[in-house]
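What follows is a single structure, and I will ask about it in a moment.
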């Protein structure tokens, strides 16, 4: 294990980030499922003060707010990865993000909103952080949330 | 093989579910592709009486109808998994669902619509049923269908 | 290696297709990430003359134009696969496409738009070309682009 990878919890502490407990879905699905070295994480919606952060980008919410929402989701996703992997140092790569932005017809900065999550993941995971990504605007999100993100990550095999 | 897993076709019978034949796409794509232990299944659209079930949630269709549409798609997806795996008892896990709901701007119950599929998959596959999931509202779906779902499943290796 | 697979660059030449260099994202994400035999490719947006091809299907752009946009993205995706795999003959399967179509509320031919990409991939990759696919209409796409596609492909292990 590299010195770098040991420091993930130190990085979180330095960033003043406290990981939340995993939100256990009320329904018949799971926060994550593992297959081989992959962890498939369910879509996490934006929250503020523990409740869905409702709103639409380009109609009430601006890009900076969307980035803040995406950053908050990334923290929740890291919390779920912590639960899935046992130790975040076992995460060898963030593989893929799908970033859904609740978008008014004229809003075209979904990629900038997504950076709120991507930048934090790289800051926390270092070389294991850069990921493939798709970001786009959707018509709605559960509970009217402004952003939803799901993720695939890779775990070390040994 | 566990006693439980042997019973998948019994469960389908008990639920009075008849699996459809796989709908072979008219175009240059496939109903499913396997990689290692994973089966990637194409998006299946909602149908009623063999034709696309057109409509939008929140504008003509209500949540209960959306759930019925999602449940119907799940049956079609199980039919495709049967074709892909040869025997549904070889499916060791439903890994991930992406649930797209044709949504009016005010409709925010995509997660409840998605439960129509998730609940059936858990009922049919038992412990192998709970999956990671993303559900969200889209602007449109091919043929104007009200719901579309794609899926990743895991097969046993031996 | 089959005679067929040797001919991918010949096929591209015959189709008069020049692969573009990989567009390196400006942000903290990557054009692709590999895991095992899989290559996860980031969403690529439609471009024309090197700039985002803005517009909406069903509101200014028609299905034929959408197909042309999707075909152009497929060429860019092949360029990224070339960079990821070193040699396109190492691609053993196009596994999955997600095709996002910037759609007016009344546009329901996302599957036909998607064929612009699917048909080219089958023409170029032959038996390795047919893929699982989901196509649907989204509210917006970064830079207002008319189509966005991401892709999962499989590499040979030896």
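So that you can tell them apart, the chains are marked A, B and C in the order they are listed, and the count of residues begins at 1 in each.
Simple rule for what comes next: contacts are C-beta pairs under 8 Å (C-beta built on N, C-alpha and C of every residue); 3 or more make two chains touch, one makes a residue touch a chain.
As the structure is a prediction and not an experimental result, all values here were calculated from the model.
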- If you fit chain B onto chain C using only Cα atoms, how far does it have to rotate, to the nearest 5°? 120
- Task: Examine where the copies chain A and chain B touch and state whether the two sides share over half of their residue numbers (same) or under half (different).
- Result: different
- Just give me the whole-number Å value for how far the CA centre of chain A lies from that of chain B. 25
- Task: Could you list the positions in chain A whose residues touch two or more of the other chains?
- Result: 36, 138-139
- If you look only at chain B, which of its residues touch chain A in the complex? 36-38, 93-97, 101, 103-111, 114-115, 118-119, 121-122, 129-139, 152, 154
- Interface with chain C, chain B side, in the complex: residues 25, 27-33, 35-36, 40-43, 54, 98, 100, 138-144, 148, 150
